[in-house]
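Look for chain A in each of the two complexes below; its partner is chain B in the first and chain C in the second.
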Partner chain A sequence: MAGRIHTNERQRELFIKKSTRVARSYLNRAKALPGLPDATNPFFDALEDVYIELKDLSEGESKYKKSIGTLCVMVPSELIYAAKARPVRLCSGSYTAYSIGDDYIPRDACPLVKAVMGFGQIQALPAFDQCSLIVAPVTCDCKKKLAGALETVKNIVPVHVPPLKREDADIEIFLRELYRLVPILEEETGEKITARSLAEGICIVGKAQYEMSRFLKYRKHDPALVQGTHVMAVMNAYSYMPAERWTTCMHRLNLEMESRLQKQQFVGKAKQPRILVTGSPIAFPNIKIPLLIEEMGGILAADETCMGERGLYDPVSVIDPGFDGMMRAFASRYTKPCTCPVFVDNSQRIYRIKQMVREHKVQGIVYHVLRGCLVYDYEYQIMEEEFGKMDIPIIRVESDYNEEDVEQLRIRIEAFIELIKLKEYAKHKKGRR
Partner chain B sequence: MVKYYLGLDGGSTYLKAALLRKGAVTSTMVCSTGIDNNTAAKKIVEELCKQNQISPSDIGYIMATGYSRKILDVADDDISEITAHAYGVRVTAPTEYRPGMVIDIGGQDSKIIYLDANYNVKNFTMNDKCAAGTGKFMEVIAQILETTIDQVGPLSLESNAPCDINSTCVVFAQSEVISLVARKFDRRDILAGMHLSMAKRIIKMMKKSEKGGDILMTGGGALNIGIHKAFEEEMMKDVYIAQYPQFNGAIGAALIASERGGV
Partner chain C sequence: MKVRKTGVVIVCAVCTFLMVSAFFAKSFVLYDFHMEASDYEYSGAKGAKPPSVETNVWFSYGQSGRLLQYGLDSGIRAEDMTVYALSQTGESYTVQGNEDPIRRDSLGYFIAALPVTEQDMDGDGAPETVYDYARADLGPNAFNPAPQKFGEPDIPFELVFAERKYIMVYYENEILTDAEILVTSHSGDKEVYRTDEHGWIRGLANREIREGFTASYSPDSDTVYRMHYALEDYPYFTEHFFAAHIPLLIIFLLAGIGMIAVCLIRNQLAKKDPAYAVYSRERVGIYSGTWKQKTNSKFLFIRWLCLFTGMFLWTYGGKLIHQGQVLNEISIPVFSCPFNLDQVAEVPCYYLAHLPSLFHRFGDDFPVRNMVYGVMFLATTLFCFIFLGRILCGFLCPAGLIQDLMDKLRQLLHIRPIVVTDKLNRLLQPVKWVWIILFLGFAFTGGDFCDICPLKGFTTAQGGYWTNLYLGGFFAVVMLIGSFFIKRFWCIICPMGYLMGLFKRFNLFQLKKDCTACTECGACYHACPMRIKSIYTEREEEHVQTVDCLMCGECIHKCPEDHALSMTLCGKTVFQSSRQTFLSGYAATENGTAEIGERED
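Let's look at the complex of A and B:
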């Protein structure tokens, strides 16, 4: 066995070298985009701590008894905060972990689950390894099988998410699952989850959502006050920062945005094509799509992705402030407004995107499909039809967790941005006639 | 004095140049890309000037497109192939063509561009991760069948019973062709089968909602009569061929150059 341990040590060493290099190069590229707000530093630092410094996340955060890993957007963080633990969202975009996970997961599965599996196998990322258990919602097929596969290396709690959410009975299923989670979390941290602690949890996340909603006002501004790639970094940092600290940093970012607005200090040139990104998750360090959009002269004005705005958009609305009432509010909040395509009927996603197109003055949509991500690919057709009617160009770009497809993506995104520019130019010319 | 405008299309296989004056094509030139695009581009500009008895200062603006568009020092600016091809067809499309779809078959990629009535790009689809459905594919098969790229089209038209080629990957299609050869199939039938299989692959890329409108073929691939006929057969409608198909990207770039340079 000694030989095997040795190989593993060597593999881990090489893994760390490679993965920190990739993370650093993407962080640097993101920071190099013009108009980086000073207040985004703590968010970039958080990503750096996780992916480059490989820091112990519990340092200086003694108020949390444990780190609880989560996947997908259907795990109520409120419940985890109520148990005096901190949630860490483990959906990752690591190319290096992906190549490790590739050995354990079938070829046609999506790269995100491969990356998560890779971290489970290599045990080189403290943020991942520190999680004493992982709450894994059973959503798409890949995540479902990932929950099973990870059980060999981690303590996993799969949570059933109903594929239907129209009837009360469907939500009841999810409610039962959340109730099942309560004693598991309590045992993990030794803290009782009470009505009071649930309310505290709602407050913690609610404040983050409040700052987010304020931030959205600035993000809608045309000309842009902030680059979308920087926003993606801020949103990805939410996965790894305790919500309270994230909220404080977000408050400062909002102050900086307000001051930019007052001074009319914009990040780009006028008439930059405003792009919305939707589709498969964009998880750090896999931020090549936002980067390419903005490096090619577009502005990422909005995102409808689960690592971005979706997770923090809808607040929990409590009607009955008792324990059960709050649990019901979670069951409802984490299914009904969720625009994840794993649900059978997901028509609200198109309504939401149409709303965003209007409010963020979007001129084109980049539809991101990770290789093997069937559920998002399914919904592309309807998007193309609907936005075709509205004369909003949409382009499907497929990508994987590696850098080999960058040139192919670049030409598509570059041509797409030119298309929007020329379209606006033609409109302008017609208007003048 | 009326200026000339130059478009350079640095493709994967060939470097194409087109010289425009008053919106019409004056001269075109092609050379192998080789490993040094930049030097090839400089040479082609010199050659074109010599041939047309003009000096480089008579060229008002040079626009580059194609794979190597970003590294050509002689160019004033660059534009993506999609936009260049969409512009090119304004000059190269036959007069009866009503803009709808452009199929471009290049050396290492193929693309479909959807145009509105005013030749503006509505959308596009590209295939560049796989060589099936590209000029490279034709080259590989021509080599196996001991013929040349300019002969594959005419030869395939003589076929009465095209073979089935089902492999969607060049490497597998290659071995499929080899086994057809071993089974003594006529090479004309194999070539006809190859064209049909390429056309089917590209048609699969098309957006279902965009299948109306006229179809125009551009790119070096459009020089192949066999693939042209295969498209007509599979689409069950007429397919137009652009004038100077190989130079369509370069012509489009030159046209954009002339807009920038103020015609």
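Let's look at the complex of A and C:
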């Protein structure tokens, strides 16, 4: 526990002050966007509880006494629910934590990892500190080293994720890792993981996925029924809310969407450029990219990021209904459809984005790269090539966890949105002629 | 590397074993229905006449004393008769009295030449010379696709039952064409039939044939030849019917022992495995709790319905549905055993496995008829191969149903399956090729594929037919154990299934993939009983149906993406994947509270 020596009380106070201020400002900016659905309030409240009120997550929570932290989307949350614990996704966008983590992690590492490290050192975020265990998949280099570095302050279980996933033997490796995780989780929570509890876990997440699949139908609507930034907040809230509560809130949101659809109450205009965001994770409070897009008059129609849709999109498909069958279903579900660029062959990501472009009627793509996020940066080139062929403009925006680059980003995104508008206008004119 | 080498060695050993053992198939006897000399009797034998039998000549064999009876007058002594038997090589020989043992290679076909009598048959006052013969086709393996003609010079008038429904008439070893034959049925009805240009009596129902009938023919006014013909009948729910199930029971018993053994061995292995150690602690084998997906699929219901109907039709259909008649001219490729004479339609497996006899179906006397039937056979088989393909495997095949039921049984017992990884699947391919070679080529070497066919014992026994099982019976045990742990295990190595899949592109039913809608989650691959990998890796081609595809629809059922996978009939979609259906089991109740779904304890 050597890491803690460097932080003192004063630093913590400063941190809390600064961090809550940043989080509040982003929250308010997001809420200020037009067309905020009333049903999104519980999601914003959840984010507020974590980042501003610094509340204890287990407060008022009777079912889940323990929180298990996870760092990537490859950790089956069903397994954690089966152990009667709640998964908390710790990937954070806190600028303040980032600046603390900066001291422990090399300059070129990605800010998300630095933020997580910062939280580990400062011990000021209850949501983070409560996690008695962190399951850290060994994915990109930064996360890999983070798992090692956090060991000094936290109880970490690294989980090996095979970089290849085409052969069954690779999935078998991951299956073994999941089996290894079972007794660790059982020991941590004191609950036995049985076939029955696994089935319950699948049900809990499945219900959330069902509501999300319904929500996605509304999100595909053009003109938009909901602002993308609000959706990002909703998806980010999933990290900190127990799935049941999230599902219930989502159900209400769906009902509101339905009534909006019936009343033809849209948040955007008919010809608003529909933009897709992909690339590095967009974690609260670092939601400047979605905010900028929508403040500049675009609509964030879809996102292909792991803190957004990807984490919850694919349902577990249980083939054999036994314990082993369910474990196998997890192993398959959490590697095969995952479009994380840490996998050697990730061509499926392009297909997935193409699918989203078609379904969400996307007109432009913002490719978000966090500074130092090599794996995502790698894939930009091929994306540019592919979408160039499809005549869909794509822009690479690199950002860091601070507010210094906001103005520059604003100009670029504004220009990008103008470009789409012009293109559409030209197309329209050509069509008329 | 070590694992891979052992795998290759095992596969080589299995393939060699299959090849070599096939030639000694008859030496491995799983069950043999005995035919002992003392078990056949005829009138005159001391006091052995069963009380219910009013006639004087009957044949019986086996412990259960199966009888065949003829409407003969009394007063014939054993010494007055000559009994001829037929061996498997088609050789006819005489059996001397009760003490003479029936040879091992006897087909169970007998003709008794009865004493010649003088009777006034046509009522014109002048007595005719009546030659009486009694023929019985008995015993196990009573099905013989080629007609079994004795060709004895002592028996000028001969009837032969062929192709499940026709009676062929021979006179002086020649085909008797365009002659009037008087047929007296068991119930005493008399009817005159005229043989056609091939010497066939057509129109006699199977039931009438099996009950026994008498056909008489008079070449001139002073002579009458009569043959009393009886084909062994297989009525349901009799002693004989249940006796037929004995080999099947033995197979299931052995398979049960094998399954338990596999479970025990696996538990021991799992204990040594660090990853599964946690699992073996209490959860290997039978454990409580399963996952039940709450999606209802009409398509899969229809599939199960079709499978059960298929099994019923190919086991009992001929007897129950159509007065014993069988659609003999049409062959529908499913793997059900033709030794069951009650099939609703022919299955091509016999002639595909005995290609040399395809155009010698009725012996060498009928070149035209042989040709017509051969062509009919090939045409209907090819039609099914080309236009239906392996959908028959998924929807109709009785062997498929047995395997699906074994899989359901495993799920019911909550026993872990053996997962066929792509590596194991690759290792199984050579075994499939060996089966194909044996299937198509074994007959050319003088062998009989039926002796090694694992499916010979199933539909035949269910239909009440006595079938001797040799090596194939042991393979049936392996097949059952395999299909218990691996879904559709036999289908992976099925030789006929492979042939059926070859024309996949012309099939009316097509499995199609919308590659743009796929997220490569692999659910289809894991759901696929045939472990077709390309279905989830394919990203360009719309047609994803491979040679192995059974069209069972499991992949579509388990696919969570909207219209990613679909089945089409003549271009029209009949079944397609849908996210809404997939997740429908999770749908929240009206008030929005999440309700923990269906599960089983």
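The definition used in the following text is that the second predicted complex is superposed on the first by the 426 of 433 C-alpha atoms of A that agree within 3 Å, B and C clash if a C-alpha of one lies under 4 Å from a C-alpha of the other, contacts with A are read in each partner's own complex, and residues count from 1 in each chain.
The rule we apply is simple: contacts are C-beta pairs under 8 Å (C-beta built on N, C-alpha and C of every residue); 3 or more make two chains touch, one makes a residue touch a chain.
Remember, it's a predicted structure, so these values are computed and weren't measured experimentally.
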item	value
Partners on chain A (chain B, chain C) - clash or fit	fit
Dominant contact partner of chain A by residue count, chain C or chain B	C
Partner chain in contact with A:E211 - chain B first, chain C second, else both or neither	second
Chain B versus chain C as contact partner of A:S280, first or second or both or neither	neither
Touched partner set for A:A426, first chain B, second chain C, both or neither	first
Overlay on shared chain A, then closest C-alpha pair between chain B and chain C (Å)	25
Chain C-contacting residues of chain A that also contact chain B	none
Residues of chain B defined as touching chain A within the complex	79-83, 118, 120-124, 126, 128-129, 207, 209
Chain A - residues contacting chain C, complex	166-169, 172, 175-176, 179-180, 182-183, 194-196, 198-200, 202-204, 206-207, 209-211, 213, 244, 247-248, 251-252, 255, 313-315, 317-326, 328-329, 332-333, 336-337, 347-348, 351-352, 354-355, 358
Complex contacts: residues of chain C adjacent to chain A	274-276, 278-279, 283, 287-293, 411, 414-417, 419, 421-423, 515-523, 526-527, 536-537, 539, 558-560, 579-580, 582-588, 592-594, 596-597, 599, 601
Residues of chain A touching chain B in the complex	384-385, 388, 393-395, 405, 408, 411-412, 414-415, 418-419, 422-423, 426
